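First chain A sits with chain B, and in the next complex the same chain sits with chain C.
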Partner chain A sequence: MRKLIMVGMVLLLAVFTATASLAGGTIKLAVMEPLSGTFKDIGDRYLEGVQYAAQVLNEQGGINGMQVEVIPVDSELKPAIATRKATKLMIKEGVKYFCGGTGSSVGGAMVALTGKKGGLFYTYGMAAASMTGAKCSKTFFRACANTDTQSYALANWVASQGFTKVFTVAQDYSFGQQATEAFIKKLKELNPKAEIVGKVLHPIGTKDFAPYVSQIINSGAEVVFTSNWGSDLTLLLKQAKPLGLKAKFACYYLNDENAITAVANDEAVVGSVAAEVYMITIPGEANKKFVEGFKKAKGYYPTWLRGKAYLATMFWAEAVKKAGSAKVSDVIKAWEGLTYDGPAGKWVMRACDHQTQQPIWIAPVVAKSPYFKHAYVGEAGMVPASKVDVPCAQTGCKGLAK
Partner chain B sequence: MMPKTKPAYLWAWPLGLALLAALPWILPPYQLRLVTEATIFSLYAVSYNLLLGYAGLLSFGHAMFFGVGAFAAAVVINSMEGVPLFLALAMATALTTLAGLVVGLLLLRVKGTPFALLTLAFNALFYAIAVKWHTVTGGDDGLTVFPSVVNFGLLSLDPGKGPDMYYLTVLVIGLAVAFCCYFTRTAMGQSVLLIRENEERMRFLGYNTNVARLMLFIITGALAGLAGSFYAIFNSFVSLDAISIEMTTKVLLMTFIGGTASFAGPIVGAFFYTYVQDFLSDLTDNWPLIMGTLFILMVLFAPGGLSGLVKSLAARLPGAKDKGSDRDD
Partner chain C sequence: MSEIAVFFLHGLAYAGLLFLVSSGLTLVFGMMNVLNFAHASFYMLGAYFALSLLHITGNFWLALIISPLLLMALGMVIERFLLRKVHVLGHVHELLLTFGIAYILHEGVKWIWGTSPQAMAVTGILADTVSLMGITYPVYRLFIFAVSVILGLLMALVLFKTRIGITVRAAVDDSAMVGALGINVPRLFMGVFAVGAALSGLAGVTAGPLLSVFPGMAESILIDAFVVIVVGGMGSLGGAVLASFIIGQLQSFGVILFPEFSLALIYMLMALVLVVKPEGLFGEKQ
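The block that comes next holds the complex of A and B.
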């Protein structure tokens, strides 16, 4: 009987030890995305990118031996709901790492939460410049472009093409306003002769773009800058061509195959350009390998959001690797100043504001694409990080390491 | 002879207070967070019910006050470094009072459906201002709020810490709810009830019913603003959600589910809504659908809400006496 008790105790001990080591061998990453409602498609695509990154990391043996567990969380695009769910995960499951790409308001709330409760939040899609500017935080990292850098890249392209008559169209809310302001500011710097012949800020969800298209035609604009997304982008492009607009568009988000499909008229998009930190048409072996691997694993291409989320997560993983532990303070320290050389070029996490310094890729939409039956972006050209950089002193971020 | 229930009733107070004080030790941190959130929403719902249940004014714009309070608290705390929390709350509530006065004056002579529609329009207007006035409200990006620690001499409370935020909430929101309860028993509170029942008669008796309604509108707006301020501090963040029509829908659901016919109904509704939402959102993305169905069922089959259901069940118990009206006002 005594022996039996001893064996039982040893067995129990073994079970506890095994469980404990398993718990210690996992690093949990919660993905805060809208996984229901209008923006489900966006959230799903970001999530797929993060999940693939976790798959690759786990196949390579994890991060410092720890397996990455991805926890999808439906933020519903509501800050209060996102933070409540995140708090639950922090308290009940000990989750410390969060990421997300949709909704700067959700991002702002998550930054406040992680700052208060000791977590880390990184984004691969939230573009509000203020998040790494006046509202920067020790616990927030951005591994994508912001409204300044993306607009600067397009301003570089417009200036390099020698266009002097430029029209801007954007959605009338903080994102559209900031994107337009940054574009105009940079363009004036690069080409003082360039003239903004018209500027439109329209309500989100506009259905009829005809009055705006008439304004563009009457202005004699050679090129149209737009930071529009969703139906505001597709309807603008769809309606512009039949109304007789010949000017091409310089867009934030035209490398989205779903947007091009929704326009349903290749002629309306061919020749216009898109700018992003990641495109599947980035030249080089590293990107080719990534695209092939993703396609093989998932059955579809890592376009736009998927690619961005993948790269950002791999960048975060590099920071955890360098830190040598899963402790948030160690990872923060390790990520500051870290360089990640991935499929989209060399990325450096700047310590002064936690904004990644990275090249922006620009590509024109071409009629024939090896990836899709419809038109899609052609080979991407690089705008170096140095050309889209906002100096530390100008970001408005105070209190982070210089 | 005095009824023997009074001493027991008196004992319940210190016991209840002791329980409230002990909750941070009893509840796990996440449950304490839910209680804090539900307490904040309780004030929001109670203030709404003063309009709906007591004065019979169906408003679709209560979130405008909740949102103004939330944004005002955030702006005051962010722009005046080191401002004492209570001063920030007082300033935010004062601003909401002013908003209530302006809107109330414009709605003074309107009742029924036009009143409901105009409050909806005002809410949309306030929402649009919050979106457009980006430099102050942060627009779609929202505002981060980190208030300073509250010092009571020997004791200090940090709103950034769960238990401290709970105590602050219970203290201030509890007092505000107690004030609402007291208000319903004052001559002013009673006159609001009578106006709802027969306004013409009240006028004949010499009451200025417009002034009474205006006062009520301002008071309920200020209380919703106070709840909004706490909501911003609780989340350390305020977004456009706080001033959206959805936030009005939320208070409408809480009040109807809890029951408009009693003072405690909206408090029950606020707790029920917070806990059920938390539970359902873990199970399904379609939780709003379930909440909506519940709301319809409540309106159709239990118009007295949860509190009404409890009362009618209690009345059916053997030995229960019919104490008259359902309303405990």
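The block that comes next holds the complex of A and C.
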């Protein structure tokens, strides 16, 4: 019996390798995400987006005839563990392409690894501006917004609404500080009359927001900027409403249906806005087709993280296509300056820092959504790439192609 | 003036929550000398039980009663079949055991309910707001404070004025003597542990609608609960009340008075207390 199974397995293996070689080989893409632990639900959704991209590409006959094989890797959100697993994949399976969206620390370690061992890492979610700034690297590409561009987009919205009394709330660590700084800088530039009536940096994982909310109310703010994520976003919104806060929020991450369900009070979110490079409510045929296709294949919608991971992976595939080979150096060269016209508008990979120049979409939360039973973001409006752009000379990135 | 009153109210509501969370922990430590690391996991489980009960029955009051009862049963089982067995081996083993239980419960919660944050909404009067001194204030925050006051009074009444309370306190001082008087001391301790678990469950249900229900909620509250019982004095009920009150107000006013220290305020308080009075405000010298 055991022999028979062995023979069967060998046969199966033979068949697989045969079909693979017939199709011109495979290109392996390892997805480094927290697939266990507290942030599993973030990692899972990113992975679903990458997997759907691979499915679409493979149905089209692969990239240059190569089938895309997605390898999920549990990064456990620990740089040391992520790089150990990645090194093993590089040596044992010859994996050269890696992506991930959670944890800039994991990202930094992966960039160092790919730089040293010859690979490529791209992100669809890591927002630390420094990754394409002072710490930029030949082997790292970012296909999402960073703290500068996302804050600039929200500053654009706040300025366009004519708000002059603005309050900022952010988590007290590098990300929150950078987001706040960028927002204030851009707002002052766009509307010198705007006044920051209060600025809060609070510990991550704050449970009681009441004192902060009272501060906002007393300041007379018309709008509140926040880059908060996770429970710091949901608790802030959830507790603000019953305390009588009327001002709306301009948020980084309100585009997340899980956050809105956790707030559990539609009234507390309706009217506030979210900013992202992808939302399912982006108008246009291309996005409509993508959303429908995704829903049909997976049974749920490509909201937020899923959409971002999908788009970034399609962008990467375009680069491989253009390179005409799976060699990392060719793909790097091909990706620099490449344009991808997808469901979220025109994306251009800038050569000077490997930061995608892309429009950022802003949408208010509306009470009735065709996608969910609860409130969700309504139709998105575009802030063009030129309005959120950080000039090459100001990114702090040195040593990449001119 | 009314502004100060508002911040005072915020502090009271948060103090209420802190007391609810730490009362079970300090009870079990004071009466059994067991530092229960699984305490916060009981709290989380209480919130998740309430969440499911709320989905089934749609009645928050029912969840408020049933969830602590479920935790009480769980507490009994854990004490009877696990904790009692390692009790003879000493504190380190007890600590390790409760640590292990915390891990198991944590993984179990993620396995059953998933990792995404869950909504827990109250309806009716609890979801309402009232006008107090010209400002709107959510009823739920007042409710939390009220629950904590009632619970505190009830605990004091039982411990200091009833026969059961006297027996328990006697058993803490000299369990052999109390046993010799014909009282089943192990069963008494099982009861204490179960009540401790029920109290954490109650805290979980109460916190659910104010804070989100998610797997990280246990860790995020555990540190606060420990700070409360260290500041108040390990095992002292009165100490827990006072420490909760101080920390609640400190958090609330600290935000306006010393915003740059908001991260460190409660730890600074704890350090100060440990330097000046190492046994805690109401603690007994060991």
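Criterion: the second predicted complex is superposed on the first by the 379 of 402 C-alpha atoms of A that agree within 3 Å, B and C clash if a C-alpha of one lies under 4 Å from a C-alpha of the other, contacts with A are read in each partner's own complex, and residues count from 1 in each chain.
Just so it is clear, a residue touches a chain if its C-beta (ideal position, glycine included) is under 8 Å from a C-beta of that chain, and two chains touch if they have at least 3 such contacts.
None of the values given here were measured: they were computed from a predicted structure.
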* Asked: Clash or fit: what happens to chain B and chain C when chain A is overlaid?
  -> fit
* To do: Check whether A:Gly284 is in contact with chain B, with chain C, with both or with neither, and answer first, second, both or neither.
  => neither
* To do: Return first, second, both or neither, reflecting whether A:Gly337 touches chain B, chain C, both chains, or no partner chain.
  => neither
* To do: Tell me which partner A:Ser104 touches in the superposition: chain B (first), chain C (second), both or neither.
  => first
* Asked: Does the superposition put A:Ala128 against chain B (first), chain C (second), both, or neither?
  -> first
* Looking at the overlay, what does A:Phe175 touch: chain B (first), chain C (second), both, or neither? -> first
* Geometry of the superposed three-chain model: angle at chain A (Cα centres of chain B and chain C, steps of 10 degrees) -> 60
* Where chain B and chain C come nearest after superposition, their Cα distance in Å -> 8
* Common interface residues of chain A with chain B and chain C? -> none
* Structure fact -> chain C contacts chain A in the complex at 3, 6-7, 10, 13-14, 17, 110, 114-121, 127, 129, 135-138, 140-141, 210-212, 214-216, 220-221, 224, 251-256, 259, 262-263
* Asked: Of all residues in chain A, which touch chain B in the complex?
  -> 35-36, 74, 76, 78-81, 83-85, 87-88, 91-92, 104-105, 108-109, 111-113, 115-116, 128, 130-131, 135, 173-175, 177
* In the complex with chain C, residue positions of chain A that touch it -> 37-41, 172, 200-203, 205, 207-208, 210-212, 214-215, 218, 230-231, 234-235, 238-239, 242-244, 258-259, 261-265
* Hey, which residues of chain B end up touching chain A in the complex? -> 28-30, 33, 37, 131, 134, 138-146, 160, 235-237, 239-241, 278, 281, 285-286
